[in-house]
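A, B, C, D and E are the chain letters, set down in written order, and residue numbers restart from 1 in every chain.
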Amino acid sequence: MNITIEHLLFSYPNTDRALFQDFSLYVQGPGVCALLGPSGCGKTTLLRLIAGFLKPQAGTLSVEGPLSYVFQESRLFPWLSIIDNVSLPLFQRVSKTEAREKALFMLEQVGLADKAFDKPAQLSGGQQQRVSLVRAFLCPASVMLMDEPFQALDVPLRIQLMDLFLRLLQDKPRLVLAVTHDPREAIYLADRTIILQGQPLNPVWDKKILLSRDERCYSSPAHAELEAQMFAVLTAVSA
Amino acid sequence: GLTAQTTPITVYTLKGPSGVGMVKLFEAPPQATGYTIMIEALAQADLMAAKFLSGEAQVGILPANMAAKLASSGKDISVAAVIGQGMLKLISADPTVRSITDLKGTSIEVAGQGATPDYVFRRILHNYKLDPEKDVQLGYALAYPEIAQSLIAGKIKLALLPEPFATMALAGNKDLKVVGDIQAEWVKAGGRENYPMTVLVVSRDLAQKHTAALKAIYEAVENSIVWVTGHPAEAGALVEKYNLGIKAPVATVAIPKSSYVFIPAPQARPSLEALFSAFLEYAPQSIGGKLPSDNFYLDVKPIHE
Amino acid sequence: MNKREFFWGIGGVFVLLVLWELGSRVLASDILLPDPRKTLVTLVGLIGTQKFMKALGMSLVRILISMTIAIPVSLLIGIPSALNWRIRAFMRPFFLVIAATPVLSIILIAFIWFGQERTPIFSAFLMMFPILTSNIMAGIQSADPKLREVLDLYNLSELQRLRYLYIPSLLPYMIAGLHSALSLCWKVVVAAEVIVQPRFALGTGMQMAKAQLETIELIAWTIATVIMAGLTESVFLAIKKLFMYREGAL
Amino acid sequence: MNKREFFWGIGGVFVLLVLWELGSRVLASDILLPDPRKTLVTLVGLIGTQKFMKALGMSLVRILISMTIAIPVSLLIGIPSALNWRIRAFMRPFFLVIAATPVLSIILIAFIWFGQERTPIFSAFLMMFPILTSNIMAGIQSADPKLREVLDLYNLSELQRLRYLYIPSLLPYMIAGLHSALSLCWKVVVAAEVIVQPRFALGTGMQMAKAQLETIELIAWTIATVIMAGLTESVFLAIKKLFMYREGAL
Amino acid sequence: MNITIEHLLFSYPNTDRALFQDFSLYVQGPGVCALLGPSGCGKTTLLRLIAGFLKPQAGTLSVEGPLSYVFQESRLFPWLSIIDNVSLPLFQRVSKTEAREKALFMLEQVGLADKAFDKPAQLSGGQQQRVSLVRAFLCPASVMLMDEPFQALDVPLRIQLMDLFLRLLQDKPRLVLAVTHDPREAIYLADRTIILQGQPLNPVWDKKILLSRDERCYSSPAHAELEAQMFAVLTAVSA
């Protein structure tokens, strides 16, 4: 349940500068590691490298166990109903009926039980985001990659879903690597937070978050303090 | 300055066996003062019919029934002469079939449903009290070359073939035999001598206004046919040279076995009418439903001495 | 097809008839192009005859058989070819031979192997197969690579990939291919029937009419063919609509 | 086509030759299906002749002309038909007539109007037009309605909509249609050449070979046709690749 | 420069309950009006009704002048370069060269000048979002509809872009209707904030924000206070 990256070199074809140069990272599971960084610095690329969708030009990369992935766009199959979209990862493992039952249960949890038999095009942006979250939750993976999983959701719903997510993680520990733009989300969820800088990618801030659940609340002073720190780093990185 | 105005006229002939008799015209086009006469070969009889219908063709060759059909449709054309007679052979790979009477219960490949050989053969069968719907089965699936190929390869047993395909088939497989004499059977069945297949057709407009040109063409065609029948080898070479669709050796062998003739319309009228009556019996609409009128037969006196 | 569409369609037919009428006046020959009224009278007469109805039925049967053969075969060969470059490169000579070989060159062998009744089906297959496979291959190549990544991630089997990604992606292409194949099919079947002349066939009727220069009858048979093509196309469009509706695309 | 693809393609050709060899042994008759070796020798001999090269060239010219006519015409008619249901309903009878009318039924008129050199072009047009239009229409219907809304919003003109949305959307469909039309085109042009026999034409050569029972020569002409179809297809695929590359899709 | 909606009735085909029932709203320009509400309540639908992409079943709806729209997804033309995507709205009005010049200037402002000739697929999620923002900015519209325009961007960049946006609005006043999930964004930008509740849609909170620029800063106490108020309302609406 670990991710080990060593001396990674990567650049997209036909681009002049390397996005990753001698990049190393070691993340140990179980737990949630949040990744923050300016837009375009290479966060999504990092996740895609880990998932094996991109091949590094040099360096080693090792991940164990089956993966699940919440993509930055929702990536639903337009011709499948919501319930089929969600139960897709299970089709290989359990019977269709069982997969659908599990899917329906999870859809209920995120308030979408009544949309189970609709097509993705009939859902709002936030609802599609929730569906793609549920799809990744359902896959019994030991490593979970998430690219801005709670975007497009209003704040109360976001907190509610994060609570659900934490509960699920307690039941079945996993290693979660979550890209986010919102320091508050990172504080609420993560055991470790990394702030990345681009060109080439390198971590400028890498901290364990050792707050209690209560201290992680948006309104707690500890939260506010940490947020201010992170904000300062992010601003520095951005400039 | 002044240039001599000449009227262009194209003589249309057909590729394949029908056009062989006129091959000399390619070598030496007819000459007539005031006219430029050219010759061109078309691929198929119905394309020739289209040329006549559109008025592009003033003189050309056609199967006799098509000429009658065009005339009956109101086209002002006449037959000047019969230039080719049918040379059909019934070919058999089945040793038990030795005469027409043995055909009962067999199936025979006859190319060209609705064309002259079909009706000629039907009339002969009828003469032997054989009903083409019941007693024999006539197959129309293949064209002449494919029938010949199948005969040689032994895939079919019986077929009615014209020259030069009959010769080709017989040369390709020693087991093939000719059954009976279709031309004689035709006469027995009520026909007059050998039945006419191909006729030289001219538009009446040409006949009336361009007598000199017509005379030149008429004589050139006659001379060509006489020459071709007399010189199969030379003619065969010309046939290949002008891309008429037959190789020189095949043409050389087939010419003597084919019946290239030149019978001016008045003399040919009885045999044409005998053929037409067979059509009237089986498919009246293919000659327009009635025998052609008198002026279908060109009065050749002004051009023929 | 709703009422307003029907109205515009009738407009199209009317203009077509006017053009035909004009054409026949210009050509002024019933053998080249008979005028529409006479032809329609002949057509109506023809429709009553048993020969005609049998010919129509048998030709329709041939069309349907050729479809039921061509569709699965082109899926079975086109899909693996699209997914695997080795198969694609290997099959290319076969595709070329099937698409480009003139029927004339193999008519005799086709006749020997398939007989009179089935040669038109074979010849329709030779035309539909390249249309369908090239559309199937384009359809599969149009599959969204982002969705392919999702399937990769969850280790779905090849069959599941087909079911969830490739078949839905190729459907619109397949439908476009079928649409053109279906209309062309009538033309091709009839052309082959003209050559081999099965006992009951639209093509046999046409060949007889043509041999006698009975253009009026020939065109009447042709109109019957076009009308049948229109009917089969309408059925196809109705099925397509139903299907799209069920798939939620409409 | 890279080296490895070429290797697999050769494999396909080899299997095809083996099948042919087997077929010719089963039929055991040179006049039905000559064996491949003899045929290839004949083909090589044929290639040297002037008649052959001229025939090849002229048939190729006919293919190219029919493409240069069919592509713009089908775009010009297909695009408005796809965009407007009135035009679509109005044009439907025309599409049907073009797609389903057997060439045989109108060969006389075609011959009168187009002559023997151009009738094969006309006949190829009749085959390509329905394939291209049905693919064009499917391509335009595949245009993303979300992008259409963007264009609606910014009041872009019809021409700009074409340029920025419809043409890019229909391209993959158009390419699929062209791909199949191009291979079939050879077959259709040759078939028409067989009927009207232009002076220099592959079809004329085939018909001659056939009439002389020269099956070996007939098959040699056929192989030449298939090879030419393969060459034109390769050129097409190369252009497509270049194009895709420029468009950034590869 | 006003939007007037009266007694609007709307539901999607094949759905049982009306999304809008007797819904009325009047927004006066120029200025920014922020819309907040739970996921799936009908915010996007409202914008689409205003833009005319959907037709109401009853009621009246009037908007003046040309519109521009930042869609919830970025909706870029995959086959056009970034600069062409961005200058698209101008093609009808000015010459292509002029349109491209303007586009390049704006792309520079959002830090994407070096991506001008790339295709959308070569951009990161946040970069695509910026491109679609620029496209809407460039269109000389008097009414601007925005559906979560600053999502997928890191906080410093988000503030930087909001500043840019406010500057542009000062130069050329417009009526902006902006859907957002982040109360802080609403406080930073808006002159008026509406919180909506769904089933059917109705405003539960509608307030003018009369803070100074300084008070709108994320770190100011006035901001925090207003945010807490809004958060309470949103949580109530969500439950």
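Here, a residue touches a chain if its C-beta (ideal position, glycine included) is under 8 Å from a C-beta of that chain, and two chains touch if they have at least 3 such contacts.
The structure displayed is predicted, hence computed values, not measured ones.
Colleague: Moving only from a chain to one it touches, give the least number of moves from chain B to chain E.
Modeller: The distance in steps between these two chains is 2.
Colleague: Which chains are in contact with both chain B and chain C?
Modeller: Expected: D.
Colleague: Only C-alpha atoms count here: how many degrees separate chain A from chain E in terms of the superposing rotation, rounded to the nearest 5?
Modeller: It is a rotation of 180 degrees, to the nearest 5.
Colleague: So using the touch definition from the top, which pair is joined by more C-beta contacts, B-D or D-E?
Modeller: Per the contact counts, B-D leads.
Colleague: Validating interface symmetry: for the copies chain C and chain D, is the fraction of residue numbers used by both over half? Same or different.
Modeller: same
Colleague: I'd like the Å distance between the centres of chain A and chain C, where a centre is the mean of that chain's Cα atoms.
Modeller: From the centre of chain A to the centre of chain C is 50 Å.
Colleague: What whole-number Å value describes the gap between the mean CA coordinates of chain C and chain D?
Modeller: Centre-to-centre distance between chain C and chain D: 16 Å.
Colleague: If I count partner chains per residue in chain A, which residues reach a count of at least 2?
Modeller: 73
Colleague: Find every residue in chain D that makes contact with two or more other chains and list them.
Modeller: Residues 27, 32, 108-109, 112, 207, 210 of chain D each touch two or more of the other chains.
Colleague: By the touch rule stated above, which residues of chain B touch at least two different other chains?
Modeller: 46, 49-50, 53-54, 146, 149-150, 155, in rising order.
Colleague: Give the pairs of chains that touch; include all such pairs.
Modeller: Chain pairs that touch: A-C, A-E, B-C, B-D, C-D, D-E.
Colleague: Would you pull the chain C residues touching chain D in the complex into a rising list?
Modeller: 1, 4-9, 11-13, 15-16, 23, 27, 31-33, 85-86, 88-97, 99-106, 108-109, 112, 126-127, 130-131, 133-135, 137-139, 141-142, 172-173, 175-177, 179-180, 183-184, 186-187, 190-191, 194, 203, 206, 210, 215, 218-219, 221-222, 225-226, 228-230, 233
Colleague: Under the definition above, what is the set of chain D residues touching chain B in their complex?
Modeller: 27, 29, 31-32, 107-109, 111-112, 116, 195-197, 204, 207-208, 210-213, 215
Colleague: With touch defined as at the start, can you tell me which chain A residues reach chain C in the complex?
Modeller: 51, 53, 66-69, 71, 73, 75, 77, 79-80, 88-89, 91-92, 119, 139
Colleague: Mind pulling up the chain D residues that touch chain E in the complex?
Modeller: Checking each residue of chain D against chain E gives 146-147, 149-150, 152-157, 160, 164-165, 168, 247-249.
Colleague: For chain A, which residues are in contact with chain E within the complex?
Modeller: 12, 36-40, 43-44, 72-73, 122-127, 129-130, 147-148, 151-158, 160, 181-183, 218-219, 228, 231, 234-235, 237-239
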